[in-house]
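Note that the chains take the letters A, B, C and D in the order they are written out, and that residue 1 is the start of every chain.
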Amino acid sequence: MCGIFGVQGVPGAASIVHLGLYSLQHRGQESAGIVAIDDDGTARVARKMGLVSDGFDGATVGSLDGSLAIGHTRYSTAGSSTIDNAQPVLVRFRGGHIALAHNGNLTNATELRHELENEGSIFSSTMDSEVLVHRLAKSSAEAPATKLAEALQGVEGAYSLLVVIGNTLLATRDPRGWRPLVIGRTPDGAYVAASETCALDIVSASVVREVEPGEIVAFDGTGIRSLKPLDRKESRRCVFEYVYFSRPDSRVFGGSVDRARRALGRRLATECPAPSAELVFSVPDSSNSAALGFAEQSGLPLELALIRNHYVGRTFIQPTQAGRDAKVKVKYNAVREVLDGKSVVMVDDSIVRGTTTRGLVAMVRAAGAREVHMRVSSAPITGPCYYGIDTPNREELIAANMTTEQIAVHIGVDSLGYLSLDGMLESVPDGPRGFCHACFSGDYPTPPPTDPDKLRFGCGC
Amino acid sequence: MCGIFGVQGVPGAASIVHLGLYSLQHRGQESAGIVAIDDDGTARVARKMGLVSDGFDGATVGSLDGSLAIGHTRYSTAGSSTIDNAQPVLVRFRGGHIALAHNGNLTNATELRHELENEGSIFSSTMDSEVLVHRLAKSSAEAPATKLAEALQGVEGAYSLLVVIGNTLLATRDPRGWRPLVIGRTPDGAYVAASETCALDIVSASVVREVEPGEIVAFDGTGIRSLKPLDRKESRRCVFEYVYFSRPDSRVFGGSVDRARRALGRRLATECPAPSAELVFSVPDSSNSAALGFAEQSGLPLELALIRNHYVGRTFIQPTQAGRDAKVKVKYNAVREVLDGKSVVMVDDSIVRGTTTRGLVAMVRAAGAREVHMRVSSAPITGPCYYGIDTPNREELIAANMTTEQIAVHIGVDSLGYLSLDGMLESVPDGPRGFCHACFSGDYPTPPPTDPDKLRFGCGC
Amino acid sequence: MCGIFGVQGVPGAASIVHLGLYSLQHRGQESAGIVAIDDDGTARVARKMGLVSDGFDGATVGSLDGSLAIGHTRYSTAGSSTIDNAQPVLVRFRGGHIALAHNGNLTNATELRHELENEGSIFSSTMDSEVLVHRLAKSSAEAPATKLAEALQGVEGAYSLLVVIGNTLLATRDPRGWRPLVIGRTPDGAYVAASETCALDIVSASVVREVEPGEIVAFDGTGIRSLKPLDRKESRRCVFEYVYFSRPDSRVFGGSVDRARRALGRRLATECPAPSAELVFSVPDSSNSAALGFAEQSGLPLELALIRNHYVGRTFIQPTQAGRDAKVKVKYNAVREVLDGKSVVMVDDSIVRGTTTRGLVAMVRAAGAREVHMRVSSAPITGPCYYGIDTPNREELIAANMTTEQIAVHIGVDSLGYLSLDGMLESVPDGPRGFCHACFSGDYPTPPPTDPDKLRFGCGC
Amino acid sequence: MCGIFGVQGVPGAASIVHLGLYSLQHRGQESAGIVAIDDDGTARVARKMGLVSDGFDGATVGSLDGSLAIGHTRYSTAGSSTIDNAQPVLVRFRGGHIALAHNGNLTNATELRHELENEGSIFSSTMDSEVLVHRLAKSSAEAPATKLAEALQGVEGAYSLLVVIGNTLLATRDPRGWRPLVIGRTPDGAYVAASETCALDIVSASVVREVEPGEIVAFDGTGIRSLKPLDRKESRRCVFEYVYFSRPDSRVFGGSVDRARRALGRRLATECPAPSAELVFSVPDSSNSAALGFAEQSGLPLELALIRNHYVGRTFIQPTQAGRDAKVKVKYNAVREVLDGKSVVMVDDSIVRGTTTRGLVAMVRAAGAREVHMRVSSAPITGPCYYGIDTPNREELIAANMTTEQIAVHIGVDSLGYLSLDGMLESVPDGPRGFCHACFSGDYPTPPPTDPDKLRFGCGC
């Protein structure tokens, strides 16, 4: 889970990237970085742990001169949380510099790395992205886009990439198009590429079009050029971007996230109604749109029954005195006036381990709810993601280990309804075909990585 | 604007306070502090700038031994943003130690300070709260509660206070009861006092009752004792706590904030309908409840048209390239799919300077809204608050300088409707009487401070 | 142990103070602070833990406007190492502001504090200096100098003080003159006051004269004015300033520290010769001058047998693997080429606990020294100092608990010779009368404090 | 200019390295780092900017498990002062990990880098050391020592290296032996390798022997094994290690630094006497030994005329008010009592730009010196060093641009005498042959690097 953002064609590009990264902060809060190329071709980098707002002051961003810049926000599991793994990567090679920002996961990274190691290559990080940089440096192609095309031959898995070679910005998506990447243009004519359109909005850029799966787009000051060097494959856009990951004010894969979630909520109300319920509420904020859709379809009134505390940092450590559910309590609180004596529908977008859900249900009951009907606007998650979403191992996934009935008992609800796989895929824009639903269905479009655990701790995103 | 929290009667009290402060973070993000008294009567203090989650690690809180502790979160204008003004205050005096946490503003602090200075007292901070500490130390009374009673004679203005003298925790509210303060009890029998009930919820405490205006409540391990030493005055609870300041999951002044805001929203729809509108949305998050009330009453569908980015820190500095509205854009984004081509009602709880509102309206229009009807769930703010809310000077208050029509033009809306003063007061729990509405009506319950500007930059809250 | 520095009469005074504090860093490395008064009478303060070079950047110092400023470097035992105890103290009182920087210890601070507490005063720190500020604020005198005169009546013990009241800088020494304080003048005519002349040198100031014991000197832009309001007492300059504490390039009490130490070394060679020795060396750097004196007098060649590592910070924590003497080894190393096979004289200025000395002797023997003759350029320390030097309790002072012979065995030397009390006092400039030698002789000029331990952890220096 | 230290064969090796780095701090204060290999073969690294004492806490060092570790202290010019250039380097390759710590400079790094780049290698830093890591990874040899031997073929310039491959520690010096490297053994039998013997002393290790020029020594738990795979070349030990760079308590190249400096001082007194002078003093601390030698030979008394302030950090920024020589004044002060009215000899080990010397002479004159005779215990520096000492460009070297007479006038002395090249080389242990004196004589043992400036800002040391 990462966000990427690039700008080509306007002085102070790093400052535009800085602003764009604010809008991609939800895609990764562990580290952030910016690389800028000045007019003399000098590349400068700033990378920091933590949030964009904590990490960069005006002086730092101001020192990153030039009209070409890319940036990255990174999420990662604790194990590999280190500045060495922060992106963008910046290296020197025979052709000058290469900078790279990656969203996704390569499924044959281990094999590619072994190949490179056998040729004597060295690796400074545990990121799969580093193999891409080596392959770029080794390519004998002249033009940056061709170099990237050559480097990507044989690379499997998910990648939306921003690459800078010399003065050229390259944007590409893997042939299955797992992760989004969109091109925009600012009022002063600079080109922008970003994971989501919300990052175009913040810099007042208008949407030009998506980078297509398998396409390499080059921006070098003379306009957009497109290359499609990779074998076409069946589209596998990540349905979870619509369900949970992207921001509701974004368009991804050409569709509106808000509209997608509204449709998921409406479908959920159709598939799993809750006839005895008196009201519906969301687990804020990611489920707000789905809950609204459920309310619309069901005719039940929408209520604000859970309040989220946004001031909780990543570092919260549960005090021992605070009881089992302190972590949930620090993030959420229930509104007794809304819940007391009521039969309620609680809408969430997904259940992963079930721990938070269980805490929330207890909180909702403690606030007086008479009946709790849980409705989930996606299908049960039964497998890990190898393509860039940080889901845990199968052992920790509650739906991989319990039936829906067992889960209902475990989390303490009166009824539990998941959206069906078909319902989910039929609700999202341009569905039901062309989506990756491996974590729901087990239908993995690639062979699983040979060492999934290493990958999980060593991935670029 | 501050939050206060105290615990008496359980080992590791500081850890309970720490947790409680998370829930009062919305009342102040500038600094946070905890004072704890251990069983040998030793007082320890930790105060930090910034958020609770940034400021305190487990080791710091763990080092604050004892079964009695109080804490404070502080908001302040930039001018007096310094660790010297962080609370709780902790001093030594002839009777041992005094610790004090204050929410509110004293309106005769300058006079009281001059009195003390004339007797030779020295002041280390610019907080009005410091005069209370001096008066406590000078009191010749024996019992802590009597000492506090004596110290409060002649003190004017707003104060909800937690005071520790020796092993006694004291909780008090000024005779007009401007700021809330509620007593709770944890499952293990410890007493808790907090600005809002949401902070009782997080520590699993149940509500016992409010501290009454003019009451001093003492907790010293032998139960609750109450003292009412101050002349009774007419109640002047702050209506803005219901309108904006408190959390919707809290009860303050005995009423539910969520219910209050819902009623304000319904009344707003009655007083200022928007017949041509097709949908209603809120400026998240503080206006969510009011927008829901408006939707209910008006029959218009509620939509999620503005998305708020919660990752923006306090330190955001607007990049020059980013245009006039970058600050608004970093915090909010509009959802085109919701707004495009629509006539919309935008509900906010208040308009202060109008700058943010103007930016939001521009953003909503840029996302395609055909007509924008702004509805405000409180009356126009025409004067500063001298009782603990950080409103700016009259010169900066837009409604003190423009008519509603002029404001509508300035912020760029098709129509603008404020809730009436009566409508506002009749909508809140236990209204319309007994509330302070000075900033709306100019009806100040006390003489204004002789040096309001100094007070504003030198206040305890 | 503290250093104080003040400037009156030149714009950018804080920057001059900043420079001066670098030269007083040896008097205190725990915290440093500067208070400046600008031309509008506004006082600003910056205080930091740690070294001057770590604590203050150009922007911080630059923000301390004005032509009047005082500064302080503070040493302290770990127990009271906190920013609350950093100086200068700055408070507001009826007459505006008072800023104060103190070097020394008040021996009746506890009594004075009780008096003040009984009148209702509050204390924010554990420093004895805080009683002075209260007494200043309570004085009804008009003129700053008279106010200080009044405040000092009845204050016992050691104090060299810099005080700012309004736009007046005051410099004073207690009537016994325990600690040094000297007046200088910069080339542009500003007045400077500092603990030692080395701090005048760094700002290119020439020496005007010492502040006399019991004198108050006022600088207010109209020249120097002098007041001698306190009863004269017999002079008790601290002989340890010459022996160890001041810098050798300073003059204190009107005498040269370098000359004093040279004379101490020569006298030591006369009193305690080492006939069998082949060379002499110092424990660097504080004993360099004394060792040179010893070499001169004895005719033995001076050698550099111990090398000191100046890069060791205050935070060194002894690794467990490193053996008993790691702390000594990190700071010092012996030069085998100098020591191997030789009979040597090791000169140090004093022995406190004996731990370091023991480690050094072991190191010198390990480097091949055949005989080690330890010579100490002061008398045995048999009692604590109540006047501003941080010597430990009697229990930890080796010479209070062992005879010289026992110490020699304990530290492992072939012979041990201390300078006699008379020899020491006769060697320093303007001796032998008028010095405090309480820690050597037990002849305390004042009654010991009623609670010496509290004082030790609660002192201003 | 760097220091390197390695340990093999004792649990907690990182803690031994940590201690050793304290003793090598004078060789580099910009950054410090430690790599440790635990018993499972996992490599861990900690690298920090700044001093060893600031950079590493007990927890950090404690987390670096294992009985094999290497460390590095680095000096660098401001241009390349970044954590990316801190050492040891740690990378993964087909054979596991490679860690490397380098003291010296490769003169054909640019050519070697181009070769590697042409094969597609990427570079993450600007250090010449990175080419060594690439060459190690590319070597097809099996055994670590053979791998290193292969990697070093064709590498020109100065390198003392510690390399870890798998569980083997390798220590090597280039065939000309520019930089020192010595092997020691701790009381518990672990092997240690360090730049200087002072770092053996601190860990109680005894000297085993030097690593010989062109030798690779392997430590793998089965004792020491030696390999001499490189063509023998004429010895070119850096004479400046004796003159200035090493610590006086160290032995380097088998000789005592203290003895070398004493001999340099004696020879200086013979070559350049100062018949009219009354005393001699050193510029502390690096010239102390030479001044003592001068005093011995000349019969003039040694005095302590300059006092050095060791509390000045690297960050001192000259206040504008402080005059031209503030930087010198913050570091040094003169003792008037020693200098006043005297004709003096000031001994320093070298003059680079002349700026500091000029300031010192002015200070000495201001303290009353009647005549100042400057004596320098090395020959004039007329060229840059390409082998690991950070001398500036020829344009900035005063002796490359002025005659001795001109320099005397420029720095303001009555006479100036440098030691002759022959005198210098005949004074150091095992001289006069086999030393590099290129910066004094222009006799560079290798072709100068093709891009000396890049090297200077991009070097490993």
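Going forward, a residue touches a chain if its C-beta (ideal position, glycine included) is under 8 Å from a C-beta of that chain, and two chains touch if they have at least 3 such contacts.
Just so it is clear, the structure is predicted and the values come from calculations on it, not from any experiment.
Touching chain C and chain D at once is no chain at all. Chain C has its Cα centroid 60 Å from the Cα centroid of chain A. Chain B and chain C, compared by their mean Cα positions, are separated by 49 Å.
Inter-chain centre distance (chain A to chain B, centres taken as mean C-alpha positions): 36 Å.
Not a single residue in chain C touches at least two other chains. Checking each pair of chains for touch leaves A-B, A-D, B-C, C-D. Across the complex, chain A is touched by residues 10, 12, 15-16, 18-19, 22-23, 25-26, 29, 51-54, 57-58, 61, 198, 201-204, 247-249, 256, 258-259, 285, 288-289, 292, 296, 301-304, 307, 309-313, 315-317, 319-323, 326, 329-330, 333-338 of chain B. Interface residues of chain A facing chain D in the complex, by the touch rule stated above, are 83, 90-94, 98, 114, 117-124, 133-134, 137-139.
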